[in-house]
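These are the structures, in structure tokens.
Next, two complexes with subunit A in common: one pairs it with subunit B, the other with subunit C.
Now for the complex of A and B:
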């Protein structure tokens, strides 16, 4: 655990001093003024979104008893992104009609993204939870398939919505859809995200032994005295809010929530009490690490969106995990 | 302590599997539930463990209505062994066994039901750090049984086929451990397939078939040659070791040559 914290601190410092000179070569310097603000903004966004996704992935994997689960795998990030697209379309149209000062204020505080992302992720989680519980359960692979299909459907609807936007804002939205770590995080979104993360972390910590026991079958967990319904309801909503916060902040970033809990298990083992801290730390390492990596990779036109890197890394890990077969986890 | 089932009907989605089940068990009772596959033994055990509400009827432990209790209060009275114990993740044997004690406060003295004592009793000490993912089926069952003993060694033990996957040596070790709990005042209700084992191990048996209890009582009264032949439709013979219940075994030669 101390090792994880050390890696996080190292990465954060590296991200802060890493820059590019005007002729495009890499440089390490102590920034000041605006550069420092931009870099610390990016570090803060990446760390908060990574921590949220890591914890959300951990909770989903435990509650669904499915090591393949994660916000992006189950289509929850796509649901949140759809929510943001819908909210954006609504606000653009409403803004052109009414131009109300309330809508403007909401937009300034990031309220549009936040509300859209929260509603979108919670709705897709409830849809998924309902499918998983119907007929007394669904096997891990089928649940993942359902999530993938849901994600594709949400993505298609989101793209259809983008065509309803004026052409000049379409490019912004499609860039946002790739996932990026903003250097100017929205203050309102950041505050809500930090609050959501702290609350869910505390709630999960209070129920950490019950979370361990919930890894057993539902009958066994209940007979051991776990109030499984209450546990699922609170932490499922928690995972939805965490995903919503991360998407509102950074867009639909894939696979951080899948990789982080597995990385954490390698370091601290299977006990929830340790994982609840280790999974967010690993989420920070993956997302800030990907952000650093994207700065190191030279491209001719600007830099890669970070979502592309996490999707590559996470996708390969995911395939490797499936390849090892189910003996590896149950 | 008295466990009383009154006019229980069980089933799924409104289809009745078995009905009109009434059973009593007191401290020290080991009640074996026998009967063919699909007769509803597992559903009945889940009902007794408070995990399924019956279609009709009541289950009381002393004065307490089982279905009026919340999960933690029920867990302090009744432990349940699932015929397919499962846990996702590489939890170690000792961590899983200790889950049986999570509701207990640190000051509770639990004597022979302390996790370490039970690990030793069921010969799990040497594998206590092995992860669940590497255990054999028989070892997994022993771990789940140890967890149930830790949880409710002095209460009600509801066991669904606890010994089915075990080798003879471990079966005897585990069966004796459960007997010891009964002698100390626990109530044991278990689904068992091995009739000879049920006859020697139990104080009572109940035979569930065709949606009702065909017979119940002391093993020697119920498990007679004529009853077993009628219930199973398979010819039986004495194994030549006297007239006790359990001395009647299927006559495989006659049954398989016909």
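Now for the complex of A and C:
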């Protein structure tokens, strides 16, 4: 655990001293003034979104007893992105709908994205649970299949909504869909995200013993007095709110919620109490690390969107995981 | 005009026949055009479009709108394609367009003392798209006598830190909905010119209107800068 904390501190410090000018030149300097504020903003955004996704992925993997479960794999991230796309269409057309002044005010405060992302992620989790339910329990294969289908359907609806936007807004939303790390994050979204993360972290810690038991089998958990339904519902809502916060802040970033819990297991083992601290730290390492990596990659069009790097890393890890697990599953 | 792409906003009642990468051939044939204007993509025109044009006797005219000079050439090419006589009303109209376009980019007095300009679009909390050397907008602003900030390419995604590090005094923001928090936050040290994005980001009949508006705003900035300079002891 101390090693993880040391890596996080090292990465954060490296990101703070790493700069790049508009002509693509890299520099290592001690920033001051506005540069320090902007780099701190980027570090804070990446760290908060990474921690939220790491914890959300861990809770989903434990509660569903499925190592492939993660917000992006199960379509929860796509659901949140659909919510934000719908909110964007609403705010662009705010002048022509009822309650326009309220919608415009929410849009200005960044609240419309936050509400859209939260509602989208919670609805997708509810739909997912409903679709994967078999004989009172959740079938792991149905769950992953339902997640893939939901992700595709939500993605198609989000694209249809984007198509309805004027060309200049359409390009904006397309870029947002690639994931980003804001250097000047919306304070309201950041405060809500930090509050959601703290609440879910405390709630998960209080129930860490129940989580250990729940990760064995449903019958075993019931026989030991764990109310598995209540636990699952509470932490599912928590995972949905965490994903919504991360998407509202950084856009739909794939695979951080998948990779972080696996990295955490390698480092601290399988006990839930340790994992609840380690998975968010690993999420921070993946997302802030990806932000650092994109600064180091030279392109003539500016920096790569961070979502491209996390998807590449996570995709390779996912394939490797499936390759290793195939024999065990069969 | 009997057909258009979805990006053409001149007349919404004209039917859309797809985009150049995804031509709706059936719809295009139904509109029965005499001239087809195309802006070829990097990979070239779709071969079936050339075949179809040859079979049906359409005049396939290729125009490119990468640089500022390309816009002038495109206006001339459209007039040539639609009117065989070079002294006809369309050519006269094209000449008038070119005169207005040239006038809209006339040099601004004392513009060189502005200390550099950066052209941006899509200003958000993680940066903006910058227009550098090679884009028609940067070339238009350079014709006005301003020094445009050098970027690594004609269209470069810049972070807010990279924008703040640019050695310019003024930001021209062509954006329908720039993030106000960012404009009033880290970018507040610059002079800001909000330019009409609808007419500037896509070459259209209203481009000249957009350039004229932008030029007027830049003249105001130059005058304000001079007034501040004179007031400073």
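The criterion applied here is as follows: the second predicted complex is superposed on the first by the 308 of 330 C-alpha atoms of A that agree within 3 Å, B and C clash if a C-alpha of one lies under 4 Å from a C-alpha of the other, contacts with A are read in each partner's own complex, and residues count from 1 in each chain.
The definition used in the following text is that a contact is a pair of C-beta atoms (placed from the backbone, for glycine too) under 8 Å apart; a residue touches a chain by one contact, two chains touch by 3 or more.
Owing to the predicted nature of the structure, the values given are computational and were not obtained by experimental measurement.
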item: Contacts of A:212 with subunit B and subunit C, given as first, second, both or neither; value: first
item: Touching partner for A:226 - first (subunit B), second (subunit C), both, neither; value: first
item: Partner chain in contact with A:183 - subunit B first, subunit C second, else both or neither; value: second
item: Partner chain(s) touched by A:172 [first = subunit B, second = subunit C, both, neither]; value: second
item: Contacts of A:323 with subunit B and subunit C, given as first, second, both or neither; value: neither
item: Contacting residues of subunit C [partner subunit A, same complex]; value: 7, 121-122, 124-127, 130, 149-153, 155-166, 175-177, 179-182, 185-186, 189, 197-198, 201-202
item: Residue ranges of subunit B touching subunit A (in the complex, touch as defined); value: 46, 49-51, 70-72, 74-76, 78-80, 82, 84-91, 95, 99-100, 102-103, 133, 144, 147, 151
item: Touching residues (chain side subunit A, partner subunit C) in the complex; value: 19-24, 34-35, 37-39, 42, 92, 108, 166-169, 171-172, 175, 180-186, 300-303
item: Subunit B-facing residues of subunit A, complex; value: 65-67, 209, 212-213, 215-217, 219-220, 222-228, 265, 269-271, 327-330
